[in-house]
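Each chain gets a letter, A, B, C and D, in the order it is written, and its residues are counted from 1.
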Amino acid sequence: MLPSLTDEQRLLKESLERFRQQDYAFEKRKTLLARLGAADDPVWAQLAELGWLAATLPEEHGGLGGSHADLALLMEQFGRGLVTSPFVPTVVLGGTILRLAGSAAQQSTILPAVAEGTTRLALAYLEPPGHPDPACVATRARREGDGFVISGEKLAVLYGNVADHLLVSARTSGEVGDGHGISMFLVPADAPGLAVNAYRTHDSGWAADLRLERVQVSADSLVGAMDSGLETLEAALDAGTAAICAEAVGAMWHLHDMTLDYIKMRKQFGATIGSFQAIQHRMVDMYMKCQLAQSMALAGLAALDSSDPIARRRAVSATKVQIGRAARHVGEEAIQLHGGIAMTDDYAAGHYFKRLTMIRLMFGDEDYHLRRYRHSTAD
Amino acid sequence: MDVRERFQTAALRAFREEVRSFVRANLPEDIRRKVAQERMDLPREDQQRWHKILRAKGWACAGWPKEHGGPGFSDDHRYVLERELALGDAPRPMIYGEGMLGPTVMAYGTEAQKRQILPGILEGDVLWCQGFSEPNAGSDLASLQCKAERMGDHYVLNGSKMWTSEGHIADWMFGLFRTDNSGRKQEGITFLMLDLNLPGVTVRPILLFEGTHEVNQVFFDNVCVPVEDRLGDEHKGWAIAKYLLSLERFGTAEVSRSLASLARLKAFVRDQDPFRHAPEQRESTERRIAELEMELEALEITEVRFLFKQDGANEVGPEASMLKVRGTEIQQDIFELTMMCAGGYGLGARRDESAADVAATRRGQDSAYPYFNFRKTAIYAGSNEIQRNIIAKAVLGL
Amino acid sequence: MLPSLTDEQRLLKESLERFRQQDYAFEKRKTLLARLGAADDPVWAQLAELGWLAATLPEEHGGLGGSHADLALLMEQFGRGLVTSPFVPTVVLGGTILRLAGSAAQQSTILPAVAEGTTRLALAYLEPPGHPDPACVATRARREGDGFVISGEKLAVLYGNVADHLLVSARTSGEVGDGHGISMFLVPADAPGLAVNAYRTHDSGWAADLRLERVQVSADSLVGAMDSGLETLEAALDAGTAAICAEAVGAMWHLHDMTLDYIKMRKQFGATIGSFQAIQHRMVDMYMKCQLAQSMALAGLAALDSSDPIARRRAVSATKVQIGRAARHVGEEAIQLHGGIAMTDDYAAGHYFKRLTMIRLMFGDEDYHLRRYRHSTAD
Amino acid sequence: MDVRERFQTAALRAFREEVRSFVRANLPEDIRRKVAQERMDLPREDQQRWHKILRAKGWACAGWPKEHGGPGFSDDHRYVLERELALGDAPRPMIYGEGMLGPTVMAYGTEAQKRQILPGILEGDVLWCQGFSEPNAGSDLASLQCKAERMGDHYVLNGSKMWTSEGHIADWMFGLFRTDNSGRKQEGITFLMLDLNLPGVTVRPILLFEGTHEVNQVFFDNVCVPVEDRLGDEHKGWAIAKYLLSLERFGTAEVSRSLASLARLKAFVRDQDPFRHAPEQRESTERRIAELEMELEALEITEVRFLFKQDGANEVGPEASMLKVRGTEIQQDIFELTMMCAGGYGLGARRDESAADVAATRRGQDSAYPYFNFRKTAIYAGSNEIQRNIIAKAVLGL
């Protein structure tokens, strides 16, 4: 996906390809999914062992200090291989928040453990009724003694049930919708008062709805400055969004390639269906959507390095819109051009389609990001 | 001039009210919930239970003439009945027996076959499935290869049928089998009916990618089918299948079902107010809903124009293929929009049948299932590509 | 287009077909257009002579009392033949307003003249900045003496330069956007203070921008009740909208038929382009759009008979949206599937496309009518 | 990682500013207005005038190497220049001479031909047109039949060329002519150049349906063309044409032009405020504008990815066909939306070249013209269907 690769990136790419084609081959996936999120999840252990959990984390905390180009590589290959893991919540969402706003103590205890694969993180920001704007926080954190007491509800927390620590957004002042007054907290998964309702997601991952009833946390569990957590939260969500967009591009190319192979082979009425012009032109449209999506995924990831948050928001939202629409088109067409076989559980296409659809729903859909794009202006 | 006015006579208004009240009073709530969740994989027991309720009222097999135990409804009555059943969340009729085989037996069956087959369908005691498609005969149905060899007064079946909907809950199958390979591929096909409990029949489930069990592969290993269970002449099954499939196309627009789905979506947006923090997105969502409503209305009128020709000829020509194409497109768009409205709630792969309020449960749990599941509708029953080919050839002369 | 025809309608249809194929054949059209709107416009004279101007007007005023089904027939055939005339502004818009709200004197003097073809009407309702909501009236009519003095600006008045009388909406109370306070006036074309800036429209018709500077009219030029003109105006605009939608359906079917003929004949790469599956499927899409548009055009015309203005508004707006989108699709595809030949002035397709495009712009586009549809509810 | 960063070096920033100032200071206002009205039918005199202004600055024929009088720009400089010229409403370069024939002569011409042809193009003194298409050879170009018979040191031309853009304002034509009919249709085609003032040449205007005169049919009645005006070998013109057409595809995305058109649309909506009484429609219009902006950005990045390959290989493969397809689709959508925003103002078929403020005049008069006129872009230069065929075959291997 990247316009050019360094030698190191070429090596990284090769090992990622080997992993997804061999260790995570589609035939093995069902078995591996049964252990997804378990303490001894073999995939997670392997991601740690191969250094991929550490790849983009800062060097001073056990990471390899990789760039967003490395993140792009990882995510694209995870997309192509339908690699299902808590990578995004742990490394991208959690990692970004701690990197940007964590105290020295938080960073030095948690980030190395993340890099080693011994700690998993999750981000609890979404709340009923499900509006993806991170400023829509009703969960409250009140000062009590030298700590805080947090109460509220969180929705669809990705891998919230398998995380060791939850990063929780809560309102320390203001009202739902206010940009100011949001603080981030690092909450241990076993904190009393935290109820976790876990469920599998359509893409075979995990999510959880959380209920926090007077969850008590210490003062040093505050991440970053009080009342000013939104900026960090937005930066993390933008990183997560750009990451899953890169993943989606990988998944789309994989569906594109599968479909192309299939129509070259499948015969109907005595000819391969790929010889029918209507099918050809639709295949070309899929190809074009993949190319355009890839272009925007690059722009979205590049914007994470921008020092201008408005430019970053615009680029990431434009990316999510483009990728979401392309994902719908490519996913639906891949199923349709295959026909019945792609409707079955044994065939990979439907699972890629489900993952693409979940990516559309994550961190705000096209409609939300179209609005965010338009309203992210300086003037 | 509005073609839908024909359903507004006093008699039909009264009938509409009657159906509406009947469904409200008699449709079991547990069944209603599953239908309102857009499930197409209703258990056998649910389907039979509802069928028998309709049968007791005299409305089962609504398209059948009185002589075979049907209500002998006019087409207008059937249209109104179907609409109200859908709007009331009643299950779809059991299409393979009631909708397809029954009328085909009436047209092509011997008197003995009619006596033997029709009552079981009418009473809901015998469930049928269709054995047409095969692994390498999907859209190109005539290339089917599943073999039936004539051995005295039996056919011996070998091979397999693919995509057999409800094969796991059906008692009998009707299907097409290759009895001769020497001529054109449309020749040498024979229409047989067989008990799925016969020795040598194996039904292997095929799970769909969203997890439901609706279709199967059915294997035949030297299965013996008596000659008297053949419909029509040997080698002449293709014409019967074409007749049967023309029945299937009738109603595939699913206008009534989509009206019900759209009403559910509107109720969800109104009652759950997922956009209470995002007025602009409520606005754009309501625009999309209105657009789908308009598209559906155009299709509804088109269907009436096609099905109720003014000259009294109520047969449907090849132009009806467009009803299936547009019907599935609109239905798929409704489910896509519904899922997007659920947002983060749509991530969870869980479906709670006990929930009292379907709109609320959709929000939490089941909004993505129909989006995934209904991809099949543009593929099965003659893919939308095949339907376009039909229109190109038979309507446009291309 | 109609689901069934009476014997009389069959005769009407035959004569319309004869007219468009012979008298108004495309080769003759350019010559006829040069005289469009002239006092001796031969097409207008023929429409009158054939009884078509009278067809839908009330019998007590020289009309034939035809139904909306007759209107549908006329409009569809005008669409198929690309018949360009002031029929809609004169008979449908003007005729509806006078029929619904005109005084006995207004009806008995003007409607028979319309039926005979000796008087032409135009409706001046649109104003800068062009918002098609008829309540957006800034033009003022003030009582002075026993008459009124009207001042304001009107935009894109269809055939406003060739009309003998203009029906002008003006505000007698309230502010721009108010539903109440609009009155309709019958203004003679030669009224002092009325400046007419006429121009050809892209579909070879005429339109005019008007400036009214203290135009004095007598008290009996008021059409209908003071301040309550909006209802009549909306009814007329709905009739006009339904009429041009029926016309558009005729034009679309004509483009459909032309394109179908062309792709059956045109050869590229040794085969007719109609044998290419991609072209076939696109032709099928055009066919489907025509059918769906036809269905809605029927619904729109039928709704004109409704006693419930909300139902009428919803139906007409749904019709305009469907027809507008279909017109764009069918028009653009007709050009594209033809290729270069359809770009030329000598070939009919481009002219049908232009007419369809103008119909999209007239009386509010799809975006406007989508909004109107949604907001036309009782609850 | 953003591929567009390559245009943000200090040198290119400075160059961008230089171009911007130059255009602002030197582009005649009357020409600028016509370009801002999206006109593609600029008179000969306008095109020459602007070309000579650029020539005086040394920027004419921006893609040409220094040895032939061009500026010898890097591809990055060309990219920046093209962008700024477009954003400044400068005319497009005269593609037939500067963009097509010039580079082709450099590649295939004799030294004499280079000396004879290139200076006329460089100075803007000789205008060229292209004679490829024929009435029955459009997308299927190789089936062309316009004849050139060799008679001693001349070719004698008979037949006609169709869709000849600028044929009425050009001095010379280059074109493909049939010199042999015996082999494959791609063989026996010869590339000739001819003075349009030669006896036997007739240029017949073809008006487009919105009234502009851009294209022509050019008839040849025993026109004698000297053999030395042949480019390349006899019968071997097809390869030259393919080379020439691959040059044409470079830049057909029209990203820069579309950026300018979109900026005009935004200025119109902001300044004229056509939706001041309709906030919901302003909202939906601004959504549409944002969508087009995003689509254009995705295309812009894709174009840079394709044109500036990281391995230094700057040739464009068949995937570039998608630039033309998406480029024309987006451009057409921009003009459609612009027209719809003008509403009732769009009805009038009038274009006022004297109006000082283009945004304001568009509102009144010229919003439908580009919508109509630009339908051609999906048809000419290899229709979008042909481009899809190319991708299917050459990229996807179908």
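Criterion: a contact is a pair of C-beta atoms (placed from the backbone, for glycine too) under 8 Å apart; a residue touches a chain by one contact, two chains touch by 3 or more.
Because the structure is a prediction, the values reported are computed rather than measured.
More C-beta pairs in contact connect the chains of C-D than those of the other pair, out of C-D and B-D. Averaging C-alpha coordinates per chain and comparing to chain A, the farthest chain turns out to be C.
Look at where the CA atoms of chain C average out and do the same for chain D: the two points lie 38 Å apart. Our note on geometry: chain B versus chain D, Cα centroid distance of 53 Å, whole angstroms. One finds 43 Å separating the Cα centroids of chain B and chain C.
Among the residues of chain D, those in touch with two or more other chains are 280, 284, 287, 385, 388.
Shared interface positions of chain A, i.e. residues touching 2 or more other chains, are given as 277-281.
Interface residues of chain B, counted against chain A in their complex, comprise 133, 136, 138-140, 162-163, 206-211, 272-278, 280-281, 284-285, 332, 336, 339-340, 342-350, 368, 371-372, 375-376, 378-380, 383-385, 388. Across the interface of their complex, chain D is touched by residues 2-4, 67-69, 72, 260, 263-264, 274-275, 277, 280-281, 283-284, 287-288, 291-296, 298-299, 301-303, 305, 318, 321-322, 370, 373-374 of chain A. Touching chain D in their complex are the following residues of chain B: 280, 283-284, 287. On the side of chain D, the complex with chain A involves touching residues 1-3, 5, 286-287, 290-291, 294-295, 297-299, 301-302, 305, 310-311, 319, 322, 325-326, 385, 388-389, 391-392, 395-398. Listing the residues of chain C that touch chain D in their complex gives 126, 129-133, 136, 155-156, 176-177, 199-202, 207, 267-269, 278-279, 328, 332, 335-336, 339-340, 342-347, 349-351, 353-354, 357-358, 360-362, 365, 367-368, 371.
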